[in-house]
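As written, the chains take the letters A, B, C and D, and residue 1 is the first residue of each chain.
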């Protein structure tokens, strides 16, 4: 079963993924991880929350950390192209029978909160406070030198359904894994902004957030981060990598934040702006799709993910399909 | 005088720059430069012409080299989003009183040939033959490992006018240099595909092509190219760099092909997909705009450029403005 | 039990490790691996043998490949400082009751063949044919850009004994792993030339050659090799890495040649020329000694090694000690 | 006139260059440069002096900064192999009629102060306080990540004489520039520790210290330093580079400290431990000897240097020979 044809004129215009909000249990520990170790920049903080941006970003934040008793993902945020897209988005989700609400968010203009059919909490906005560029303030470059948020990846118990839904709102598939025995899509990578993905889905107990990725300038920044984490008490936060993905061709590293949220450090995928850019199909049995060099991912990588607020996971999803690739 | 506001809904939708055609005087010498030294891949060649693509490109070519008695630039090519954009583009140029024609081009679908108000020959198309991906055929990676064509930069005797015209067809300005004494724009960088530029203009005897740029994975690929060129007879083809641009923040090198066409090797600018991405203004008197580290460009870099076919350069342009920055 | 004090005035002066000779079963397959993939340079070849050097070496060869029915390691070669050192070396080995002989070797001057007390075949020489420098012939740089042979590592059933013997002939220990329960040295790294090692020993069924290492300029060369091997049929020759060693602090990759000989690609250890350079002790229970980032080595890495010519391995060695670190 | 044959058994055994002491006029400014910008580590500081080491060094210091009214170079320090070498060194310099004295130096054992025949102040020692390794304390890696002091380079009004003298005490020439018209050696690079040089001499008003070099892991560390210096007020301290030297094949950058002392950042020369390592001859008229890629050095680089304490420069030296290469 091939992926659906791209929708060139979607119902509303999503520019790119924008930000994630994590409810975290220890704000100081999260700050030590995201700021002191990864090198993200604080744009606001008080005792309850911290906002962060990466070094080439001008929007106010790509991560919001809010203090909580329980770790959970509060929202995946996306930037829309123009004001009318907000109303068009609302109309689309209303028509689908999904809950919509205009919400107030600090540092952001009019914001639509909704969710996808499986419950992933989504927010869409056009305006976020713009900050002065800091990409040439090189004294700020530390840790892994994170330049920008790159993508989300979610576990899904219905990848085919997810691909259809996100395709309908304009995400174009760049690569996908097919289970040739069943004909089902095992995983798919879908973009808006011209890279390999803004959003990906992979078969598993879902919906859960598999990881959030940051773009860094080159593989040496990732090696620097590994050396730093390995010698500053974060050895066990290193989960997988470094390596080259078959899918996306990016150089990668997966690490875990203090609450277990998985962060991918990602570099050097490729440009996909052509509307006739053909998706690449991978066979589920090809181990090089995950790591071109052949190293397997650890079990935790296939099994563990972050819970979205308000989502009740159903055991049936877990039973229905194996969550570890053969 | 600030740059004009971006046109969010331009008269037709340009996806990105696509290709350049160089008339060259010695096809073998050009092949030695572009293929054996830079590492571009031949997609077609005979005794009269060579077509080349970079390693992550799937379109048939980003450079066409055609044998000629005189070196000249035959066309700058741009990819449009969808078939209707071709007619919309024709209508736009017709209305401007600029010459338009449907032309036949090998490996390409319906193609519109026209020019900008100063005579730069432009061609627009939607479909070009798509080739199998080779970005993971790592045995092909040689020279500077060119991944994709990135941008054109043109000398212009009327940068303000050029910025207005290209802004009208949807190019958004990301950075520009202002001559604070006259209030004129000295140079501007304008994009369609979400990087710093697809097209740039710089004050000088124009219109001429200043350079064509290729994106490479990281600065070490550029250092490798320098070592290679310096020891294989291309020492004098190295013109400027390596360095970090203030404008664009990219790591760069300028080299000259056997006919004198300037090629920029370019890496690591930043993402500009946000429609409210604010342009950065530089002062003409700030030497760091060109090279963040302060090294000046050589005189040739300010003075020499490639001629476009059919364009008669007027002396008055040269006299009107100094072509070397103070 | 600490390592013995360095012998500042050894009985003869070894400059550095020099070369290895592998008997290989398929000369063409070995050539494809060492020349076309790794990028070593052929200095002589005929139907029976191939000699190779790395890019900054001026000696005639660092690897000799000789056609054979059975894969075996024929010799580990070391360069001595001056002619009198040859006689001094002979006297030393004679006194130890070890076999010595003057042998003829192509491209080499007077050569002493002997072996260590466990049977590792050693050859010592002062003069080898010197070739023109090629380190600035950058068109030759391919594969992993190997610059020079760096070290040998051998399995030993008696690491304490090996350390004592090689210490006596002037090798100085830079790092070692101690089994704190038994007080035995589990592994040791010993140098002559001012890096972390020319020769290392690790506990296991021995004597066998664990690996031969080549120095490369930086981690990106190793990433390039991984990409190349993974896409040219050498996926299963990648055994371990890339990673950072705790011991030596070098960036590493282990691969296997067509006969199973293990090659390490190695970059960026540190300078150890000071005669009072203190060895670093690691605990056998510390997993970061092997990979600073925590990734374990595969079982094959602990168990498999290359046989030395003329050495009969005794089962008792294997039984005496576990060969996999706890 | 070729360089003299290496002295394999010199009168005393120098292990390597060790340290330099700079009298500086503003200790805080020097600290901001060496510590906050370059990333050297403070091992001791008070209001009068700062001692620094690089990241892989275990000796107490490679730079001493002492507060002074006038900037001057107080000493170039070298480590000897063993205690008897101290007396042998004294005997050698005494015999040459050069002043010798046993001096007390903090953190160092018995120290011989002397000078070369042209007045360069030299100190030799065997023991310096050894500190715990920090090369795996990656949180300390900042700035250009300096790993170790690599070499000194001095202006000399008598390069032929300097080469003869330093050759006599065991320095072996690895590369040199010959003025083919006069047959004189224009410049020479001489080593003890197995790299291209511990000490170099270049024709000019001398003796003066041309520069002190630090080894860094790879070219990207140098690019990072350029970005940092260019955006933190050190733009005008960048003097030359980055580039590849023809001589030494190293990747380099020259910067100036707040008192004008020149520091080279240096990476990736080659191993020279073989006693029969042949020196490479360059022609003074070959511009690639300085920068393989052809970029010329600025005038300041040929003319400016640091004064050694107690040395009176004679005008006649300046007049005798041109100090800028043709």
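Observations, loosely collected:
We take it that a residue touches a chain if its C-beta (ideal position, glycine included) is under 8 Å from a C-beta of that chain, and two chains touch if they have at least 3 such contacts.
Fair warning: this is a prediction, and the values are worked out from it, not measured in the lab.
Chain centres computed from CA atoms place C at the largest separation from chain B. Should one ask which of B-C and A-B has more C-beta pairs in contact, the pair is A-B.
Each chain gets a centre from the mean of its Cα atoms; for chain A and chain B, those two points are 33 Å apart.
Separation between the centroids of chain A and chain C, computed from CA atoms only, is 44 Å. Rounded to a whole number, the gap between the C-alpha centres of chain B and chain C is 50 angstrom. Residue positions of chain C touching 2 or more other chains, listed in rising order: 136, 218-220, 227, 230-231, 292. Interface residues of chain A, counted against chain D in their complex, comprise 136-139, 141, 218, 220, 224, 227-228, 230-232. Of all residues in chain C, those touching chain A in their complex are 218-220, 223, 226-227, 229-231, 235-236, 238, 242, 244, 251, 288, 292-294. Residue ranges on chain B touching chain A, taken from their complex, read 8, 15-16, 56, 58-59, 79, 81-82, 127, 130, 133, 135-136, 147-148, 193-194, 217-219, 246, 249, 268, 270-271, 273-278, 280, 292.
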